[in-house]
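Next come the structures, one after another.
What follows is a pair of complexes built around subunit A, which joins subunit B in one and subunit C in the other.
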Partner chain A sequence: MQSNATLEYDYSLAKKFTFLTILFGILGMLVGTLIAAQLAFPELNYLLGEYGTFSRLRPVHTNTVIFGFTVSGIFATWFYFGQRVLKVSMAESKFLMVVGNIQFWLYFIGALLATISLIFGVTASKEYAQYEWPFDIVVVLVWVLWGINIMGLIGIRREKALYISVWYYLACFLGIAMLYLFNNMAIPTYFVTEGLGNPLHAVSMYAGTNDALVQWWYGHNAVAFGFTVPIVGMIYYFLPKESGQAIYSYKLSLLSFWGLMFVYLWAGSHHLLWSTVPDWMQTMGSAFSVVLILPSWGSAINMLLTMKGEWNQLTDNPLIKFMVLASTFYMLSTIEGPIQAIKSVNAIAHFTDWIPGHVHDGVLGWVVFMIMAAIFHMAPRMFKREIYSKKLMESQFWLQTTAVVLYFTSMWIAGITQGMMWRAVDEYGNLMYSFIDTVAVLHPYYMIRALSGVMYLTGFLMFAYNIFKTMTAGKELTAEPQFRTPMA
Partner chain B sequence: MFFHWLEKNPFFFASAVSIVISFAGLIEIVPNFSQAARPIAGLKPRTVLQLAGKNVYMKDNCMSCHSQLIRPFKAETDRYGEYSLSGEYAFDRPFLWGSKRTGPDLHRVGNYRTTDWHENHMWNPKSVDERSIMPAYKHQFTNVADIETAYAEAVTVKNAFHTPYGPEFKTTRAAWEAHRPKVIEDAKKIAADMKNEGVKKMLAEGKVPEIVALIAYLNSLK
Partner chain C sequence: MDIRELQGYASFFMTIFLVVMLYWYIVHLYRSEKRGERDYEKYGNIALDDEITSTPVEDKPASQRDYTEKNK
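Showing the complex of A and B:
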């Protein structure tokens, strides 16, 4: 149709999902900061009556940042770069636009209702799969609609070869679809009896050890296909676009992608070390977790080497700084995970605060940093305005980096301290500490963590403000910037 | 080159990804599935009251902070009792092992805590130890436990998974109405060891407070 002219891409969906990313980001991190503070100051449990206890709010936090913030970020970036790497505009297909809009509204309303249901204690209790069956159906519908959009856009593409980022997004789509379906299999009790009890209640298809295995096959790999795969896809697009550098090595990309696809799912059983699942499964999970370092570091090193010879950009472009720090935290997190998956280390680390520590250096340092960088890169191109303030970006960067460091260092110390105290025995072989001793000792670390939460949330609000001002008051651009994002 | 070809053929690309990511689940989960589904000898399914308590445990999401999995280490068996066995969980849908011990493990809490201890503790954890960071769950003393849903759950698992509930467990409303007095009776036995007047009053009206169901469940964890 217009093979020689530049395409006009349609960013309406990308913009909508960007707003949701920021909205759910603020909500999720606000709840996260509150529950962190509750562990340091238990009186904060009583702000909202029965709906405000740590136990009720923890799933609200996890689900809002996973299914609200991160998934919105994945959708927003897809509707931005999907068109660009496939060289086709969304506006060329009315059908895909309609599907995309239905996906947006269904997702938005579904996510809000699901969050409210969790506050009211309507939960299936499996971690990161707490939504009860009606919300599971909404999730599946949204996912199918997104799938139609990916496949549809691929179907009408002009660029024949799929770019690396598209591989990762396709894998994200397929992986989450498979995992989510199998893990959430449940029978709604109301419909198989004479209408007895609560229609929202369902009972899991799996029991005990099997349920645990399916759950952690899901739980671990929801992280894989939600927090790793699409985020790697993002950095493969945004880092070269921002820096003007070509990806360092195609072969390394290939190795990392297929390596990650094959190895990641085996590692799920490392969540069940020393449990009642058979020993060979535990060992398998442990061993594959260590192998997982290869594809993870493969991607991260590929990104860092992409900056080869251009490291000066790090000093004057805060966006590059966000992305380089993100891949560095990715490396930290993917070496820490395998260490925790070694059985002897796991004996101490499991059930302690070292685990949330590990999760958060991954998500705060890697996932959120990368999604914010992507939005900083997209905003001037979507709204045709300069980034409002470079200075604000710089201070946000340092504030949040400090927050992440405080978070994981305090939780490392807390986790190892508690793990060691649980097993400490005196000279006669009796346990040295009662459980409450090992709780009381954590108070200073819980305070540091709460502080780091406040700092990180403040940084995120600075980000939201910066984007808002970019939309409304940034200097208007006459042409789309080529590589480096313009900022005032 | 094969990969260049694959990248231009999305259908085969997606198929290849699907095959590669399916391996692990098939090999790790399927072979042991029926073995792991077997209960240990003599395992009884939970009563309707205990199931209702399990649902309170889920509703207030106790598993945010409490595990139900005793690992095979001396430090754990000394603290919590015998290490957990796979067959003990055979009727647990969902499994409630948890992943974080902000508070202690509860898998055998029924062996060393009593009804009145739980009553005091859930009303005000700081009355047991002032260093406790657990919130009070006073609303469980006034909220009504959903025993009808618990019954529906028992009937469902009986029919779908052959969980050994008796022949009186049927899908009809009439069967539920017939079973209901048994649940109230179980609840009254728990409440006999409690001092909260409101709880007794609610039970007299035929309503089971959440705290009673929860304690019945916690006492069954042995």
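Showing the complex of A and C:
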């Protein structure tokens, strides 16, 4: 390590991943809005032949927002605050810079090709794990490179104590590595037999119920280690830094970290309630899901209490508003999830629109709001310019908040209506409704969802424009702001 | 006792073990602060004072910190 007299933090990788976060955010949300509209207006399925149908585009939406938008956001924030909380610059290690740049290009090209492969119908047909084996290998390589960067930066750090956010990012790294590897174990039959099957296709090593169990252990924990753990890590850095208030209770942050690690991994089987998995495992999934409220709310309450005595900032600083709303939505979706995992509630909720409703109040309200807030906080430090427009940020906030509320309320109503109609029987025990009856009843709610998608996407485009203008036309800053983000 | 029953018992006892560990961790956090061995709350300042030129909150690796020497 060099002397730190002239050293500065190097944000080049954070900037690159920020651009990708915005790019994949626009792509993923655009496709999401289109498929929401397709559900309301089925004619929209035929815009692009087979490449534009719901079944092709739905995995494009989910994978782009998970592995494109969110993962880029995780990388961008790591390359920003990782240096800061470890008090070491990326510029101090040429090796780590090279590894980081290889990671960036491999990730960018790999993600684009993987998305194209999904449009062409190349899919492993496992939810959120649709990428076929060649792309899985690229994902593993990118992840290993990121791991080298995390461990490398930790290895040369000046701050010997690891801040809580670093723990969360380490857990994200280890958790996703374990989940991704085990769920994607598959044999590319073309290469191990005499040319049987498609070269791009591989057959899962698990079959039947075991496959379902591994898949939902993965699927649920991808939410845990992709959408929860790193986002909690993010807010534990950005909320204190933006507000100038240290975390309310550092001990509570440690305790809820271990609580989350302990409980989350057991809850995945709630995706398989009332299916052909052992009953004790379903009960375990339900029980652990309910217990999960404790560590989740432990973190969320800790975030909100960090603002204790400083609530005035909520009115003057829109960035604080974004983060407080994010933690509030985290609380909402972490109480909603356990409720849905109770077996009797699940009997109505399963396979209905309440499920995407739940997912979206979590991701739109919590994950996207937090990643946008992190980028708003980083932008003036990375580009040395103040945020272009506070007004635009305020309007974006209200537009997107309204969109999230419209999304989940319409899906609550749609889901419960759907669940009740599927179960309704007449006095002779015959089903009262056919499937198409439910579709006709749900149509208005699908329209509301499509509208909320348009509103949310518009808000995201306002965010992208604000960041673009910040980079190019924001007022130049002479010194790096310590806490509150400057905005015009 | 077949493998499924064993799995059931293993799952049950592991859960109990992990619950005990988690509660022990809470006790450990508060006890080490009470005894003055460690001040966890100071680590919250790592996020606030994060300039590259700032003095680290903890500049020695865990193995060389005072509290471990005291315990030897």
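FYI, the second predicted complex is superposed on the first by the 479 of 488 C-alpha atoms of A that agree within 3 Å, B and C clash if a C-alpha of one lies under 4 Å from a C-alpha of the other, contacts with A are read in each partner's own complex, and residues count from 1 in each chain.
Everything below uses one rule, namely that a contact is a pair of C-beta atoms (placed from the backbone, for glycine too) under 8 Å apart; a residue touches a chain by one contact, two chains touch by 3 or more.
No experiment lies behind these values; they were computed from the predicted model shown.
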| item | value |
| --- | --- |
| Partner chain(s) touched by A:Met455 [first = subunit B, second = subunit C, both, neither] | neither |
| Touched partner set for A:Ala379, first subunit B, second subunit C, both or neither | neither |
| Contacts of A:Val71 with subunit B and subunit C, given as first, second, both or neither | neither |
| Subunit C versus subunit B, contacts on subunit A by residue | B |
| First (subunit B), second (subunit C), both or neither touched by A:Tyr9 | second |
| Which of subunit B and subunit C A:Met284 touches, first, second, both or neither | both |
| Which superposed partner A:Tyr237 touches (first subunit B, second subunit C, both, neither) | second |
| First (subunit B), second (subunit C), both or neither touched by A:Ala114 | neither |
| Contacts of A:Arg84 with subunit B and subunit C, given as first, second, both or neither | second |
| First, second, both or neither for A:Leu255, with subunit B first and subunit C second | second |
| Where subunit A meets both subunit C and subunit B, residue numbers | 160-161, 254, 258, 262, 278, 284 |
| Of subunit C, residues touching subunit A in the complex | 4, 8, 11, 18, 22, 25-26, 29-30, 33, 40-48, 50-54, 56-62 |
| Subunit B-facing residues of subunit A, complex | 38-39, 42, 45-46, 49-50, 53-56, 58-59, 121-127, 151, 154, 160-162, 167, 170-171, 174-175, 178, 182, 187, 189-190, 192-198, 201, 203-215, 217, 254, 258, 261-262, 264-266, 268-269, 271, 274-278, 281, 284-285, 288, 347, 350-353, 355-356, 422-425, 430-431, 435-436, 439-440 |
| Complex contact set, residues of subunit A against subunit C | 4-5, 7-9, 81, 83-85, 87-89, 158-161, 163-165, 236-237, 240-241, 244, 246-247, 249-251, 254-255, 258-259, 262, 278, 280, 284, 483 |
| Interface residues, subunit B side, partner subunit A - complex | 3-4, 7-8, 10, 13-14, 17-18, 20-25, 28-29, 32-33, 36-37, 55, 58-65, 67, 69, 71-73, 75-76, 78-79, 84-104, 129, 131-137, 139, 143, 146, 148-153, 155-157, 159-161, 171-173, 176 |
